[in-house]
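Some structures are shown below for you to check.
Next come two complexes, and both contain subunit A; in the first it sits with subunit B, in the second with subunit C.
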Partner chain A sequence: MRRDRRSNSQAPESDYTADIGIECHIQLKTASKLFCSCSNDSRQEDPNTTVCPVCLGLPGTLPVLNKRAVELAMQAGIALNARVAEHTKFDRKNYFYPDLPKGYQITQYDQPIIGAGEVAVPLENDSFSVRIVRAHMEEDAGKLVHPESADYSLVDLNRAGTPLLEIVSQPDMHSPAQAKAYARELYYRMLYVGASDVDLYHGNMRFDLNVSVRPSGSDRFGTRTEIKNMNSFRNVERAADYEIGRQIQLLENGQLVTQETRGWDEQKTYLMREKEEAEDYRYFPEPDIPPLELDRSKREQVEQELPPLLTHVRHTLRATGLEQTKIEALINQPRLAMLGLSVLEEITDPASRDRIVNWLTSEVVRLLRAEDFDWDDFALSVGQLGELSDMTADDELNSSAAKQVLGEMVTSPRSPRQIAEEKQLIQTSDAGEIESIVDQVIQNNPQAAQDVRDGKSKAIGFLTGEVMKASQGQTNPQIVKDLLEHKLNQ
Partner chain B sequence: MSAIPRTRPSRQGQQQQWPKLAELAGQIKNGERSAVEVVEACIERAEAAEDYHGILKLEITAARERAEQIDQLVADGETEGVLLGVPFLAKDNFLTNGQAETTAASHMLETFTAPYQATAIEKLEAAGAIMLGKTNLDEFAHGSSTENSAFGSTKNPYDPQRVPGGSSGGSAAAVALNIVPFALGTDTGGSIRLPASFCGTVGYKPTYGLVSRFGVIAMASSTDVIGPLTRSSHDAGFVLDVLAGRDGRDSTTIAREETYHIGEPAELSGLRVGVIKEHMGEHVGRGMRSATWEKIKALERAGARVEEVELPHDSVALAIYYIIAPAEISSNLARYDGIKYGYYTSSADSLEETYLQSRGEGFGDEPIRRMLTGTFVLSSGYQEAYYKKAQKVRTLLRGDYETVFGTYDVLAGPMSPTTAFKLGEKGDPVAMYQSDDLAISANLAGIPSISLPAGEIDGLPFGLQLQAPAGRDKRLLDIAAAVEGVI
Partner chain C sequence: MTRISRDDITKLGHLARIGISEEVAGTLAPQLEGILDYVAQLQEVDTEAIEATNQVTGLRDVWREDEVIPSHYSRAELLANAPATQDGYIQVRRVL
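Entry: the complex of A and B
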């Protein structure tokens, strides 16, 4: 393993242009595996328990294509703004490895289900475009486990036969930040369309980077390296950053970048294997699965079943004039974004709408970050939010009381009025009652009252606080303040 | 020559023929015969014919138990199942989860116990048939003589010095010896029909996809089919009727026709019969050609309109088959790596050594030869010249058939270039491959084909091959029944 120094200290990066392409594998969210009826979710299962003769590759078994996986792949393609093929087929990729039960992987070679596309990726207050080359379906392999200090390896085939979609981009990203933004964009597009659980922790979504650098202004790509298996946006960014720096350093030192496969150990990229002779996988059409014709009716059916796409959500939110960072804050929590859409649809009063969207993008986002928050408990509804907004507008709740109610409503379907009453947060609006409390407070605090009369405005805050205290917070501070000023400045 | 094989001294295992399947099942149902009695007779005959080595393993205990159950059912008045109490043997590349291992006649799978059953076996058992055991074959069905079995050759019932044909040689011999009323085989490039012709039985290759391949050890997936070896085309139709139809576990299966039972044989008068010119050339033995012409003349006399037809790409069918089939074989046999099941070399000390030794020792010469050929024709740089070109020619061959079937109801010709050859006679693999020269086009085109016993040449049986368009299995069987009556 080579150890390279971080290089961007003295290397003139602006003299170079980086080109980054990403291959992303996502696990499709089907109930069963790609070619058999075994469970597709073995995250909690013991090794070799979600297996059957088909995914074990026993003699005589045949693959039967999971129709749902095909539909999800089509939906993913639509979400990637890419072309869904009319004719597609499966092929065998032949190689030997203990985690590959049949000695070949069923994948798609020259007629992938998804063709070219283009994805607009927001980045800060701007956006850039990444072209999609293709996306194809394939089955995952199992995994090898290497027990410590053992002279053998163990094979776990739970994952074997899991349906994957591999999304291949053009090298259209030119900075680590762009690479990260694209990875994030794929994540949310797949999450919104529902094609995958995109559980990064369990490897539901994995990224391979192709990185090369070239002198700025040159139109010839540099020699690229491939960095395998990043499982977070942050690692995509860091690995790209490291690798760009490493390659520039090599060139600055008069060395060449060699075409090779590298790994990422959270700190640096390291050599896994140099590019040997191109491996010959002897692809040929899978004779056990007839070619697929995805005719118009099939495509229309899939389109009809599409949930709102990320692009649609973003577009709708943008039309309200909401700033991009707030839009993205909502989008980061799909259920919140969906709620936002409903709010925009159902709440017609602009002031109320703005108030609610503001709650969602600030207070609610903050509440959702709480450690013990569980989406299963999420209960917030448009009805609740509308009522809360009305109560605020009618001065029944002050803003801090509204936030308290909101905090409760995030995990409770009860009405805001019920919650506010229970917590005694409703402001007393009976003018006579407030007036008598105000009079009482002025009487009890003659010095402060005099200070206000003398124009020392600070004292009004003190008196307001006293009134609030006396009314147990159920008064509107603004009304109290107005009343005090009125009485003392007469 | 006679359509009914004569009793010959060389066929010592030869026993009295079984009645037609429908009749046998009927006798069991009405109590005329007991299932136990039938099973015992089969076991007795199998033991008497042991020298022919057609059977690898009998499941005697299970078969007896099943027969007893059936007799009890009959006694209780329950007579469901068209094959109730009828015993059969299955080629040992069908997965069965009883006593017997499923070996594909290979050391690689010598100890492999299947955890599930083939769809074909399930369907037969559901129809009341009794699985009696497993028959010998060329290793992984690679061969035309059954000599490639890792467990010894099967011998021809007509002459134990000769091969029974292959690769379903054990099933053909068992039916010819009347051990069982029918047996199952697989036909990737003639493997049901060639041994049927060598042993004087009926061998039926259905349209590709008509019978589920699930649970049958794959040879070449795009041409593998499953079919029966029987004593008559009626019986072939009877078994096919049980086997045929879509299977949710095999995506290549197709919808079945309403029935495959032969009622009335087809009308021969006016039937348009094409004689495949390429199957009557110099590469076919003179005796075979003249014997075949004689049978075809019999059809003509019965009123059929016979003409010679050309299938221009048939002449290269064998060549393209030996590109496409090995390509698929090289991939299909990759799973036998010594790691999960099957033959494993414990002396290996690395992953690569495990692969090399387990596969090198577990497989016999012919599978290795085919895997090497297949790997070569799929390799980059050669795939265009071999595999892809072969697929193009295959499409042209299909076109040839489509054209011809626009005019003719059925095509006819000899099943094989010669009658059964001597054990050890064909050491040269290519000479062996050529035995299937006349069978292979039907596999590449996916069309149904049947070999009918047409008599004997110099004391050895030969078969008349009939072919029909894809999906016209019922029509082919009806025609076969009529042809059977006049040859």
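Entry: the complex of A and C
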């Protein structure tokens, strides 16, 4: 079994195989809620101010489905390489909790909008496959606040009714690293397709893990536990690692794993409650929301509006022979990846293209990590990059000068020539001019010149430096060196 | 005939969040058994060739455009029926 080395378990891990499935909730990027016209964005709002009789579940109200939420769910399904259902409907899931005003959640039970799919997940220089079971739409619940030492809780229903898509995978991940890689893959697929803001900090994307272990070689799954509500890739990885270790330890001690729901407190998983059975929720078809027929014309319309999908971007970048780690570095920054695609489309000279892609995946990625960098200032364009590449190819700029210009261009739409001239970075490439400077330097430094003639190669560095100084750095050191050697060794 | 045990009653009471006394449980059990027996009769009908019906309105694709229209009720009005409020929150018995 492949596992993280930072394991908390002393047990012989190789004797066990872990099976991990992930249920991921994403908040769909709509302006209004799933079944009413209240605002979907209540991050800055006072409690219970983006609510109405519908999302408060007051008697006599009728929820009406948000069409955009359906379209976004369809787009998400396509991005997951999954089947979009032709017939889909909503169901009631009945349970009582103070954050659920109606006493039921409108969700989808047996006819989800998205059916089976399969996602290829890159991991280091390899990839693995995770099957998608389904993805269904549902409304979010409200938020509970538990004031310290009070004997009551407080309910804010601003979030109640927010549209969610729950994506359910098969237990196809077998290590914490794979679980993390899949979570990351979902994040970027949803980000590229634009179905969600995937703002992890604000809980736009939450992960529940199903974890079980079994003796290696056995084809019967072990008893699984569910770990609720991870909000980062790192926590997905750490919780999976902890839980696998805990379960192996139990089995090694001759104990059994209990089917239960557990929480994650950043250090360990802990028991929340024993697992409910589906029948406890008494699902039944939602009478207030008529079923949907997503016929071909609706599906085609949604497909036409699709932005470039992550899989397309990755495929296009891969076709250039770029190595996987560089591709993923670009993909981590969608605007950079889009720029990369434009470069591949518009720059036809292979050498220039390679040079630019290399800048993007190393220098530019580094610049974007700067603390004070703000995407609002991002100004880099294909036109600038093409011109900068040409200037480099023509030896007007040496590589370190090109990087200086690049650093400026990331947040400035000015042309590289303008920037280079201003910073006096352009190298003199006029052969006659360089030659006269070289002659002058040889004349002024007879001893060093003699040393070179005598084969003392160190002196050539000194002379090159003198030429660079005399030309105020605007010559190409390699050309100068070649010229000096040529003149002194004939 | 379906038997409803005291445990079944307790579980149903828990799911519905209502307390059920021994006395009420004694009358509920035969009533629920009667309902289940009635449903059992329906189950005997051969529905092999019949498509499942989830709703009877014949409506489909009822949806609205994604437009924000704030409620025209104030928070005070919307929370007027809450048993208790505090700073704009609904106050409930502590849950954790």
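Couple of notes before you dig in:
One rule holds for everything that comes next: the second predicted complex is superposed on the first by the 471 of 490 C-alpha atoms of A that agree within 3 Å, B and C clash if a C-alpha of one lies under 4 Å from a C-alpha of the other, contacts with A are read in each partner's own complex, and residues count from 1 in each chain.
Quick note on the criterion: a residue touches a chain if its C-beta (ideal position, glycine included) is under 8 Å from a C-beta of that chain, and two chains touch if they have at least 3 such contacts.
Since this is a predicted model, take the numbers as computed values, not measurements.
Of the two partner chains placed by superposition, only subunit B is touched by A:T61; subunit C is not. Look at A:R214: by the touch rule set out above, it reaches neither subunit B nor subunit C.
Of the two partner chains, neither subunit B nor subunit C is touched by A:H312.
Touched residues of subunit A, counted separately for subunit B and subunit C, are more numerous for C. Touch criterion not met for A:R299: it reaches neither subunit B nor subunit C. Touch criterion met: A:F96 reaches subunit B and subunit C at once. In the superposition on chain A, A:Y104 makes contact with subunit B only, not with subunit C.
Using the contact criterion defined above for the overlaid structures, shared-chain residue A:P287 touches subunit B and also reaches subunit C. Once the two complexes are overlaid on chain A, the subunit A residues touched by subunit B in the first and by subunit C in the second are 53, 56, 58, 64-65, 94, 96, 98, 155, 280, 282, 287, 289-290.
Remark: subunit C residues 15-17, 54-55, 57, 59-71, 73, 75, 78-79, 81, 84, 86-96 touch subunit A in the complex.
By the touch rule above, subunit A contacts subunit B in their complex via residues 53, 56-65, 92, 94, 96, 98, 101-104, 155, 278, 280, 282-284, 287-290. Those residues of subunit A that touch subunit C in the shared complex are 30-32, 37-40, 46-53, 56, 58, 64-70, 89, 94-98, 144-146, 150-157, 280, 282, 285, 287, 289-293. The touching residues of subunit B, when paired with subunit A in their complex, are 94-95, 102, 104, 109, 112, 114-116, 118, 213-218, 220-222, 248-252, 327-328, 330-331, 333-337, 339-341, 351, 355, 375, 378-380, 383, 387.
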